[in-house]
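Next come two complexes built around subunit A: one with subunit B, the other with subunit C.
For the complex of A and B:
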């Protein structure tokens, strides 16, 4: 199935501003702060990975401690890998339709069960040409904003082949955006190096 | 307010006091049972003769293996597989919109040793045709009640386990949750085998025998794992050994006055081991990981099993004494019995007291209340879409929104 190529997760909860996905493989989520996309019938939703969680499949059953090294555990309790799942939470930063890319929220959230894949370096470059995504991420209230903003800038820089000029410009944008909160701005900038 | 705990509290205190007084008596009877197990059971010929000739109303265990120690075989296969199935059901409800029942069978394939892995799955089947809702059960037409749905579920579990056994590509053990003895069909064992092939009772028996056949052909022991067993077949046989009569005939018990039920008095010789269960006896006589010798079960229903009679033993699985039941092809093969003993023990160890495969099969099969509600919502929405009449009973509507 060509659609499965590069699939790293499947959407299980979606709203206008965020979506949650189950990773295709346990313990193999996209990196925190990396750029991902969902291809839906109506277009492409772009987002930044804002959190990852691995837990028991069944919320009524909590994982317990076995007290053995991982390799031994998998030999002794091979069913465990079938009972846990990795989920990641994504903040929507833009969308694309009919060949154009927008740095604002999509008219509709992605559908449930749509596949999530990683953005290509070209897509990341296009998404981060405008530093609007920094503002979107900075507006979050329930995430460690300084960690998420700095991780997203680092991931964007990596996708751009270690672009120092981009990091400098992003740092300036951060300083401007958080001019009323010097400590927060500095904690983000410190995390960029 | 539902259960008034304040009112039940004093009754709990009285129950606790009663237990304390009977504890000493129980300890003395247990002592006697342990002594008889060590002495009376040692002479297998005498036990076979006396138990074989006894006429009792209880089930009697007959010795299959000599007394002695049967320790953990401590096998170390390069790779092996454990198979298990379990089921649950949504029964027919008069209060719901559609007459139907659902059986959900969970299955587990666990591979150990080289190339470890696991496959967990469940398969639901919906039954709604008239022949399912009004089947023949024990040669009479009945509407599908809990017993019938249970029998259909058992049939599916055995059938799927047989398929998994046939597909196994390495040494394997097939675990059944609970007994291999179809106690519920016990009333008429000879009649059971003569029922029509589409009789629900007969189908369950046939599915179990098919499972035994599959296990025998593939060299895979089928093991019924009974947790917290309540049986006292072995103790019943010890009672026969304690009784001075020969042959023992409880209907003519000389220690019971005429016109008195034998159970009404507790001074008969056999009452020396009264109300001790097999599990209690073996809790005090087995070492960690040991199993007891095998016994033949005397359950009358086994007459319908043909050459696949069921034997059993008790296993000290650590946290509890479990009862293992095996068909004759396993009981008569030391190699398969070693595998059954070791795998059951290994599973209980990995599962911290209860076999992992059975626990996971149960988790795969279970239909929770929320699942049941979701199922009936699914039925309702489909019915509405297709223009069928949807009527819930008044009781069901009330349950979904009680008056306050």
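For the complex of A and C:
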């Protein structure tokens, strides 16, 4: 079971640019904007957590309101935890194979049912040495890009031990990237300080 | 400098910007490098643009803040450091306007005027001391160190041999240290023997010491540095004595030396109307050489009326002229008989290679200054013409020695109305024909006749506020419009724009400290200081004499 060590989720849907995974424990997803990886037979796929959702297993049955404090709810309705799941959505930002690391999309998406784990600080540092990930995240159209980009930069900075120079470099990359959308650029930069 | 050496130097330079557009006509536009600070880039700074095969020497003419996106300007970023630094170089950037003046092919050692421009993204870098030396020459006997480019230590030299080939101008508003600058240039001329000097010293500054209001000490002058090589002539021996100056000679001017044209020049000072000028011509025609004295000796009333009648002059007008010219009797140096031929003494001294400073003492009225300067210069110029003609006939091509005449308040002599009558206008226009040139010192160059100022070879220009004066100071120089921006940005003191014939390209310099300069010149004159750099620049390490 060594491959279960550090496992935080399992891939249930995968495409070249994104994958979805179900968190190993309900209410314990990776942080929004944090860096995760999927170990597959062909190599490692790296991504940034772009959204988290907790809901009922059965899409036909929605969770209902019980109107009681959390401790009482768990005591009186213990089956509830078995009926809901936490899912997270990940944007692919790069991949690695045989000791190399690439800041572009992998040739194949990860396999379904592969395990997802969090990246180590060393891996995050290697992934974010190039600011290409900012561009990849910025190209998304269906999520609040300014939130995602700023969260990812904050996470990277945290993994790098609170690196101010990195934040300032990243802020410049943001300004450059969004040169046609000054308001968006500034809203990201504001979220970095 | 070998090209290999040049390459090495090239890598050590700090990059300031990269060329992004430009033309030969308009100059270059370069984008400031992200790690360069816009506040370090001062207008007038000397920089080098590195093309593929040529290096272009240039000065910074303007610095501009630009934005890639208008939205940035409409809503400036919040005052977060991060926001501002993130925009710098991405959405906001700085451009630098440059005017290349000279170029140097990598394999050569000689600079040429620019005939092309560097390509896109050519590197703009800090100039090094070697660049300055390459362009402005190394200090030497006739290469006079006057200062250094902004934010540099290297010497910018004035080529004194070329300098004296033309008439030159020193301009600047009051309080810019003009007279200190002129003293430095004169000291350079004396030391290098590039020319003999005649200085009409209106404010008693160029001979012996003068009081420096800024440092509150007495500033030494030419006589202290060069002793017997400089002779002080005075119009006012009493004033000289009070200032403890021992003049070499006292100057007198005889009434018979004053010509009608000399007085015509003084129209405003003597209140002479234009209509009275023909009357003076008539007077000198009828009365001969002693016309002025004879005229002034006539009694107002009958004598004058009779004379007017006899010579077809208007009696009232003649009486007015008589009243006005009577003021000349109050000038103490104007004598009824020539007791001492001052002109002859001055000419002799100059021909012997001595330098003459004529102090006016308390005779500082424009009337006295202009009268004396004009009469003496007319006579000396006449002598120089004779000497030159004799020398040419005898095949002595270096005689008589090159003479530089320094005049202050030059616009009084060289205004559009007077320059055609004044001898100074003639000297400025005839250029070096008779080995005589002017050093025109003025705070109002716009008052100088356009034809004269466009003949000025080299200009040394300190700060000038008036737009017309700025235009006038630069008149006749190529790129005068572009250079006005340099003038506009001069510090009020000790910073000048050098441009013209004696310089390979125009440049703004920080002028060397006067006291250090003078103490070096004095020690050299005394034989105490020897070395490669006879002007021992700022870095020379010699303390000024207390």
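The working rule: the second predicted complex is superposed on the first by the 193 of 193 C-alpha atoms of A that agree within 3 Å, B and C clash if a C-alpha of one lies under 4 Å from a C-alpha of the other, contacts with A are read in each partner's own complex, and residues count from 1 in each chain.
As a convention for this text, contacts are C-beta pairs under 8 Å (C-beta built on N, C-alpha and C of every residue); 3 or more make two chains touch, one makes a residue touch a chain.
In this text, all values refer to a predicted model and were calculated from it rather than measured experimentally.
Asker: For A:82, using the defined touch cut-off, is the partner it touches subunit B, subunit C, both, or neither? Pick first, second, both or neither.
Answerer: After superposition on chain A, A:82 lies in contact with subunit B alone.
Asker: Have a look at where A:58 lands relative to subunit B and subunit C in the superposition and call it first, second, both or neither.
Answerer: A:58 sits against subunit B, while subunit C stays out of touch.
Asker: In this superposed model, does subunit C or subunit B come into contact with more residues of subunit A?
Answerer: For subunit A, the partner with the higher number of touched residues is C.
Asker: Is A:74 in contact with subunit B, with subunit C, with both, or with neither (first, second, both, neither)?
Answerer: first
Asker: So in the superposed three-chain picture, is A:190 touching just subunit B, just subunit C, both, or none of them (first/second/both/neither)?
Answerer: second
Asker: Of the partners subunit B and subunit C, which touch A:167 in the superposed model: first, second, both, neither?
Answerer: Only subunit C is touched by A:167; subunit B is not.
Asker: In the superposed arrangement, does A:182 touch subunit B (first), subunit C (second), both or neither?
Answerer: A:182 sits against subunit C, while subunit B stays out of touch.
Asker: Across the complex, what residues on subunit B touch subunit A?
Answerer: Contact set of subunit B toward subunit A: 108, 110-113, 116-120, 350, 356, 360, 363.
Asker: Spell out the part of subunit A that touches subunit B in their complex, as residue ranges.
Answerer: Going by the criterion above, the answer is residues 58, 61, 74-83.
Asker: How about subunit A: which of its residues touch subunit C in the complex?
Answerer: These residues of subunit A touch subunit C: 167-168, 171-172, 174-176, 179-180, 182-183, 185-186, 189-190, 192-193.
Asker: Spell out the part of subunit C that touches subunit A in their complex, as residue ranges.
Answerer: 68-69, 71-72, 75, 77-78, 80-83, 85-91
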